[in-house]
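Per-chain numbering from 1; labels A, B, C and D assigned in written order.
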Amino acid sequence: MLTSRPRWPALLFILGLALLLTALLRDLHFGNAPMQVGQAINGVAAHETGAANVVASVLLAYRGLDTLGELAILFAAATGAGLVLGIAFRNGNGEAQAKTNTEPPAGFILRKGADLMFPFLLILGAYVILHGHLTPGGGFQGGAILAAAFFVPQLARPSSPFNERTAHWVEALAGASFVLIGIAGLAGAGWFLAPLLGTGSVGELLSAGSIPLLQLAIGLKVGSELAGLMIALHGPKET
Amino acid sequence: MTWIADVLLLIGAAFLFLGALGLWRMPDVYTRLQAGTKAVTLGSVAMLIGVGIERPDWWPKLLLITLFILLTSPLGSSTVARAARVIGQRPWRAGDAKETP
Amino acid sequence: METLSTATELEWLGWTFYAGSAGLVLLGCYALFAARHALRLLLGLFLLESGVNLFLVAVGFRPDAAAPILVGEQAGSMVDPLPQALILTAIVIGVGVLALGLALAVRVAKEEGTLDLAELGRRLAATHTPATAEETLPQSGRTETP
Amino acid sequence: MIMAWVALACVVTMLVAGVLVLTQRKLIGAIAAASVVSVALSVLLVVLRAPDVALAEAAVGAGLSSVLLALAVRRVGAVDSKEDT
């Protein structure tokens, strides 16, 4: 339970907020979005960026700088969480191994199943990332799947070391390559994250210029960060 | 052809409903896992096959989803059952009180 | 997917979505106010975030439009892609915030031995009270810090 | 028409699960309810024709967030406050 008895001031506030929201929502006509900017983007996105997925083109071409800021926020959150939990990659392996030995070991079925699922999840993540400009999906979604793929074996075999040094290198290189692709666009076409490599024909795997490369960079960065976060939280029990 | 798909979808829906009902009615964690795994696996696989007959161009993806369900569903349930056994959960006997969900 | 037939049906659908998002926002706000446990606070934040995400995507909806993904050479109208890109960003930032909050909660539990917010506030007030006031108002939780 | 019924069912599921998040006695049950909220929300996003966001919500909101919360609960399980166990 949240609390043993209701909090009357909080309930009163919620009631007032509900009245306010009802008053606001009554004037919003559902289904009649004006979408002046959205209409314009829908008209030119496929022609300008070559991506069939308009959301991906907004995320990585029209608003690419914003996505870079988002990656910075995620990086700060992951670094902060690692710092607070006190897991430096110097002593991550030995200490964690010594502490998690008190847990009962995972069963045979879970171990073999995790082994069986690891390549499957890896392929699924790579597919979702690399088809991000054609179908729903992209770097963030595929990165989450990749993080899960690397966390499942850790759950099955708590003693197996997760190579955090490699994860940090992958994360750093992916972030740097995102910035480098952006700067290459600045040098080539005159603005940050300008589409490079030609747009190609809409709907093919090798199209949309640099968007698949950016998706790959985001996927690797997000995947390594989220996997690092989960492994940092998967520590020993506090007593 | 389309009535076969309808029948399969109905079978799938019925088994999913039975699985949910079993999850609610069964007395302890092991019996609940029985209902939640077997009935739901059969229900979802029947549903996926029904969808595949309805939309023949979706076959490859549906096959992969079926494979994934057949792989993960028993894995998850066996892991939960093992964890319940490790923490000392006793199987339910006739006459015991039903556990609160 | 079929399109909607009448205007009343569209209005009805709109109220469904608005009720869902407003309900989630209200539940999240209540949890933020009334939570006594730090992890309940984070769960409330999660609900609040979900409600806002649903609301912003619902604002960009159009009944006669397709998903913003081109299939073949189709060039019909599509729903607004801008809120969708915004929410995609917001979901990922949300999980970052959640993870940072959880890490802080785990650390606080390790240092203080409790996650009860009232108890933690009491301890914080006791630590920050000057030495003279500490004798008169021990552990009251209502100490007024200067 | 069928779309509207799916939306209604999902909104009801979502709100019921949202109430359960606040009223579950055990923290792990509240987390499971939050996961249900995310799954229903991702179906609603598909109805709103936002498949990208739905995929992100299903992978990140329903999957990763619940795993992170459950790992944190496992770590702090012994130091819950008195009325929350």
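In this section, contacts are C-beta pairs under 8 Å (C-beta built on N, C-alpha and C of every residue); 3 or more make two chains touch, one makes a residue touch a chain.
Keep in mind it's a predicted model, so treat the numbers as computed, not measured.
Across the two interfaces under comparison, A-C and A-B, the one joined by more C-beta contacts turns out to be A-C. Centroids of chain B and chain D (each the mean of its C-alpha atoms) stand 20 Å apart.
Each chain gets a centre from the mean of its Cα atoms; for chain A and chain B, those two points are 30 Å apart.
Rounded to whole angstrom, the centroid-to-centroid distance between chain B and chain C, based on C-alpha atoms, equals 32 Å. Residues of chain C in contact with at least two other chains: 13, 17, 30-31, 36, 40, 58, 61, 67-69, 79, 84, 88, 91-92, 95, 99, 102, 106, 109.
Residue positions 22, 50-53, 56, 60, 64, 68, 71-72, 75-76, 79, 83-84 of chain D each touch two or more of the other chains. In chain B, no residue reaches two or more other chains under the touch definition.
Pairs of chains meeting the touch criterion: A-B, A-C, A-D, C-D. The touching residues of chain D, counted against chain C in their complex, run 1-4, 7-8, 10-11, 14-15, 18-19, 21-22, 27, 30-31, 34, 37-38, 41, 44-45, 47-53, 56-57, 60-61, 64-65, 68-69, 71-73, 75-76, 79-84.
Across the interface of their complex, chain B is touched by residues 104, 106-107, 109-110, 113, 116-117, 120 of chain A.
Chain B contributes residues 68, 71-72, 75, 78-79, 82, 86 to its touches with chain A in the complex. The part of chain A that touches chain D in the complex is made up of residues 1-4, 53, 55-56, 128, 136-138, 140-141, 144-145, 147-148, 151, 226, 229-230, 233-239.
The part of chain C that touches chain D in the complex is made up of residues 1-2, 4-5, 9, 12-13, 16-17, 19-20, 23-24, 27, 30-31, 36-37, 39-40, 42-44, 46-47, 50, 53-54, 57-58, 61, 65-69, 79, 84, 87-88, 91-92, 94-95, 98-99, 102, 105-106, 109, 113-116, 119.
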